[in-house]
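Look at the two complexes coming up: chain A is in both, with chain B in one and chain C in the other.
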Partner chain A sequence: MRLKSSLENYIFVLPAVLIFVIFYVIPFIRVFQLGLYEWDGILPTKIFVGLDNFKEILTDKIWWQSMWQAGYITLIALTLQNAVAFLLAWACDREIRLKNFYRVIFFIPPVLSEVVVGLVWQWILDGNYGLLNHWLIHLGLPNLARNWLSDPNTALTTVAIVHSWKGFGWGFLIFLAGLQTIPRELYEASRVDGANAWHAFKNVTIPLMIPVAVLVAILTILGTMQAFVLIIAMTGGGPAYHTQVPVLRILASMRGSSRFGYACAQGISFGVILMAISFIQYRFSKHARQT
Partner chain B sequence: MKWFLRSIGLALLSLFFINLSGCAPQTSGKTANITVWHWMTDREPAFQELSKRYAAKTGMKVNFELYAPSDAYTQKVRAAAQGGNLPDIFGVLGEKRDFSSFVKAGHILELTPYMEEEGSAWKNKFFPKALAVNEFIPENTYTVKPGIYGVPIDIMTIQMLYNKDLFKELGFNPQKPPATFGELLDIGKKIKEKNMQGLVSGWGEVWMIDCFANNYAFNIMGQDKVLATIKGEVPYTDPDWVKVFTLFKELQDSGFLANGLVTMVNKTAEQLFANDKAVFAFNGSWCVNVYKGMNPKLNYWAILPPQVSDKFPMSIWGGAGSSFMVNARSKNKEEAVKFLKWLTDADQQAFLSEATQNLPANKDSVGKIPHILAQFAKGMDFATHPSIWGISEFSPVIEAFDKGIQSIIIGEKTPEQVAQEVQKIKERELAKKR
Partner chain C sequence: MKTTLYYKTKKIGINILIHLFLLSVAITCIFPLVWMVSSSLKTQETIFRDTSLIPKSFHFENYYLAWMEGGFGRNFLNSIFYTTSVVIGIIIVSSLAAYAFSRLRFPGSNLLFFMFMAAMMIPIPGSFVPLYVLLNKLHLRNTALGYILCMINVGLSTSIFLLKTFFDKMPKELEDAARIDGCSKLGIWWHVALPLAKPVLAVVVIFNALNVWNEYVLALIIFDSKPLMPLQVALTTFQGEFITRYPLLMAGLTITALPIILVYLLMQKYIVKGVTQGAVVG
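The block that comes next holds the complex of A and B.
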């Protein structure tokens, strides 16, 4: 009877396990396996090269430059994007007029196509006929006008800011949901104890929002490190290598160089790095919550 | 509970069989219908019309299936090749190396015997350089059996274009385009002075930089030295190559290159040129149709890039614009070849050219094309293409070369630095090959 019952339980989870194995575990193993070969993606023959592809990644300067650049975009997303998301969520959580309207407005950028957003911003930031430069000149600030996406000094930061604009809506939504779970009684109790708005924010809102902030931070890191559609649409990874990110490098290895094996090795390495970052962040946040 | 478990079991079993049937190779249909995969959005209506005409003539249905954009198409063809699901007729996008892999993997039918039937009647219809793109010459480094493996549908050349009205506005004679590189630099200075935009092109999609640089490499050092460099016999640090890199610095310094050129995609470049916002463009013959759609009144002309040296002739990239290959494993390969023969006949080629404003691959159809297209067609005499060299440069070297030129344009690196970096990657790739 007990055996039958436990068998039934296993059968219940079997579809989920099967889906996970077929769509995640097997492809992961297959990609790792391909990473051990030199293969152009067309010929039926593959040359076994062992760990050579992984060794090559260690000395691939452009790969590490792209990793650093993705890290820079992530840093801006973690700070600027999430700060804006939190402040707007906090504002919308209060009793303000048209708060539902703002909620819809703030969630528009994330639901727009990344290609469309990229092309619209490319048009706004165009060095010759762009809106931004037009207004800078109009406002008497011609010295600030530049080729935002073609200038190596501004291209990466510009892309990072547009990425943050595109993505802050997700953080906004999660922060807002988190803020709404904080019992109002806690604010009332703190007010009775003589706390002003700042004290309530510091001692009630912030501590209770830490788990939400951790979740948003993990999602931001994982999402931003893998960003590439917006970048392709805005700069194509240029000028030179200034806006290259790891996913673009994987695509370049696969499509540009027809090196599927190397692209797979890059994909596995990148996945491992992301997992390591998430694990460190998880441990760090666990430690922070305990203390 | 039993009912529930049975349902789950049945669902999983169905899923299993559905997957199995999905893995089976696609048959081309019970009747001898021909399936063609292509990526050419602009040519789709014309292809559909030709399909109707062919059905009326022979009773055979030809299904043109469009998969765009070209990146998605490329992935689809590769995946289909892996799964053995290629259609009867398809095109291969990418470098000659990729083409050779498709041939070596047995996906592409050799067409030489068909081309040479009846005293090479089919072969003789084409511009030789258009056919050469689809040909593997004896002793090619790809180790492909020499022969013809594709049918050119149209041809293209990539040239420099200038806007006659803006040229006049700059104070130059619109009937006298620049003949030397020095004149080009002088025009650049004038463009800078007048705060106009000079050359626009898709240099953000780096292959067009490669094309421009190779034109001048051929002009400065000749084809033999360029090919010797690819073979690894001449380094990229050679003074002639440094001179090629230096041209980009000179063009940038003179003001000839438009702002933001290094991240510009060709679509943007086409919009700027078509809307009279740039004096020069570097574009392929396909642009005639694009400009006609964007601004029918655009007053422009095509020229070869002005020479920098008298030592060797200027070469431009050209040859087959798009080509079709026949699936060697298709049951309908004979019918597919027959259809391609019909498609490349003068009448069909003239129709395609008229409908899409592309240069026909059939020599006999050229007489009926517009004036500006005829000018592009003249460029075929100077045309060359990496696909006909029988050897190709390593992809990482091409990437370093093109990105290096972008670095020169943005003032980040000197021509000498780029030459050294490209050579370093070349040596690394040569060592790997050894």
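The block that comes next holds the complex of A and C.
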């Protein structure tokens, strides 16, 4: 009876487990296995090369360049994007008109796809026919007009800013939810104690928001380091590798140069780096919560 | 008197500054979309010269051309089909599992649940490489079924988590009553648990629908033939082939973005709820 009941219960989880094992667990294991081979993805024979793929990564200049570029985009997202998100949340965390209107509008960019956002911005930023350059010229600032996405000096920063534009809505909503959990009495109390608005902000808002800020930072880092579809739509990784990021390199190893083993090795190295980052962040946030 | 007036003016001044700040950001959020729609109504000749926000004449035929000639009609229907299939799949598969993890006893249930949760935490960038190999082997590459199953898997862990959290808090009395009335376990799941879970199911549906509609990379590697592609991939293919046909591209982008914006505006209550819940999870 007991056994029959258990078997019956397994039926409930069977579809989920089946799909999960086939499409998550097996590929997960296969990554580690394929990383040790040189293989073009088509031929039945794979050549075992041991750790050669990983050694090659160490000296792969474009790979490390793409890593730094993803880091640069992440840095801009962490500072610019999250600062804007926090300021907007702080501005909305009061009795003001149109509060709901703003909240709805700020989350429009996050619900759009990266392809749509990338292609629309590419059109606005186009060097010859783009609206931005057109405006700059008409405002009497023709010196500022440039090929935003094909100039190596501006391409990466431009991509990073568009990425921040697309993503700040997430941080905004999380910050706002965090701010709304701060009891109003604390602000009242600090005002009774004679503190001005700035002191209340510094002594009440900031300390209570640190855990939320850490959470937003983790989500921003993990999300931005792995972002790449926006870049496909905007620059395709160009000009001359200047907007390449790791996941784009993995895709290029697989589809461009048909090196499946190398692509898997790149995936593993990048995954390990991401895990390390989130582990450090996790420890940091635990520490921040205790103090 | 003077001081109250001073504080009043100061307060109004601050309020104006705050609104200016909020409004300027709000405009940057909407403007690119307005420009996209505006560009989609211009012609091949005027689009490069006419920088007016409201075009002199509206060329709605661009939408017809994008739908027919650009092939976006087919891709639109594909996107609708993939999104609905995946969402229905996720709802059934994840609610069954979540219900079992929450209510039923069987050996290994904790371990299995932990496995799903670990998958949410471990990033595997480039997991599309072995997935491609696997789908090839199973002859599921370049098929709708292959894509749908992959996307069900993508949404599984989070959906199971959200639903299990809900079931854990759900009072057991109704289920007990149903059991006494002779309802089977599957019957209880279908007739009692699922209807009660409507609010959280709404969150699961919306987030997965957005996710599937906007998904790009798996569709890119799974589909070779254009008639099977969803909108996102078709857009980049179109852009690669007809780099200069901007009005049609902009019409295609509008066709892609509009449904998601409408769904968002109708369902934004659930989306805000989902983001804040998801944040607590993470």
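Throughout what follows, the second predicted complex is superposed on the first by the 257 of 291 C-alpha atoms of A that agree within 3 Å, B and C clash if a C-alpha of one lies under 4 Å from a C-alpha of the other, contacts with A are read in each partner's own complex, and residues count from 1 in each chain.
Going forward, contacts are C-beta pairs under 8 Å (C-beta built on N, C-alpha and C of every residue); 3 or more make two chains touch, one makes a residue touch a chain.
Because the structure is a prediction, the values reported are computed rather than measured.
If you put the two complexes together on chain A, you find that chain B and chain C bump into each other. Within the superposed three-chain model, A:207 lies out of touch with both chain B and chain C [touch as defined at top].
Of the two partner chains, neither chain B nor chain C is touched by A:142. Touching more residues of chain A than its counterpart among chain B and chain C is C. By the touch criterion stated above, A:183 is placed in contact with neither chain B nor chain C. When both complexes are overlaid on chain A, the residue A:20 reaches chain C alone and has no touch with chain B.
By the touch criterion defined above, A:34 reaches chain C but does not reach chain B. Of the two partner chains placed by superposition, only chain B is touched by A:43; chain C is not. Legend: residue contacts after superposition of the two complexes on their common chain; A:102 is shown touching chain C, with no touch to chain B. When the shared chain is aligned, chain C comes close enough to touch A:87, but chain B does not.
When the two structures are aligned on the shared chain, A:252 is found in touch with chain B, with no touch to chain C.
Across the two superposed structures, the residue set of chain A contacted by chain B and also by chain C is 8, 15, 41, 128-129, 255. Partner chain A is touched in their complex by these residues of chain C: 15, 18-19, 21-22, 25-26, 28-30, 32-33, 35-36, 39, 47-48, 51, 92-94, 96-97, 99-101, 104-107, 109, 112, 115-116, 119, 121-134, 149-150, 152-153, 156-157, 160, 185, 189, 210, 213-214, 216-217, 221, 232, 235-236, 239, 246, 249-250, 253, 256-257, 260-261, 264-265, 268, 271-272, 275-276, 279, 282.
Residue ranges on chain A touching chain C, taken from their complex, read 6, 8-10, 12-13, 15-17, 19-20, 22-28, 30-31, 34, 41, 84, 87-88, 91-92, 96-98, 101-109, 111-117, 119-121, 123-124, 128-129, 131, 134, 165, 170, 173-174, 177, 215, 218-219, 222, 226, 228-229, 232-233, 246-247, 250-251, 254-255, 260, 263-264, 266-267, 270-271, 274-275, 278. The touching residues of chain A, counted against chain B in their complex, run 8, 11, 14-15, 18, 40-44, 122, 126-129, 147, 149-152, 155, 234-236, 238-241, 252, 255-259.
For chain B in complex with chain A, the touching residues are 1, 5, 8, 12, 71, 74-75, 78, 81-82, 94-95, 97-98, 101-102, 104-105, 107, 197, 204-206, 258-265, 268, 272, 277, 395-396, 399, 403-404, 406-407, 409-410, 412.
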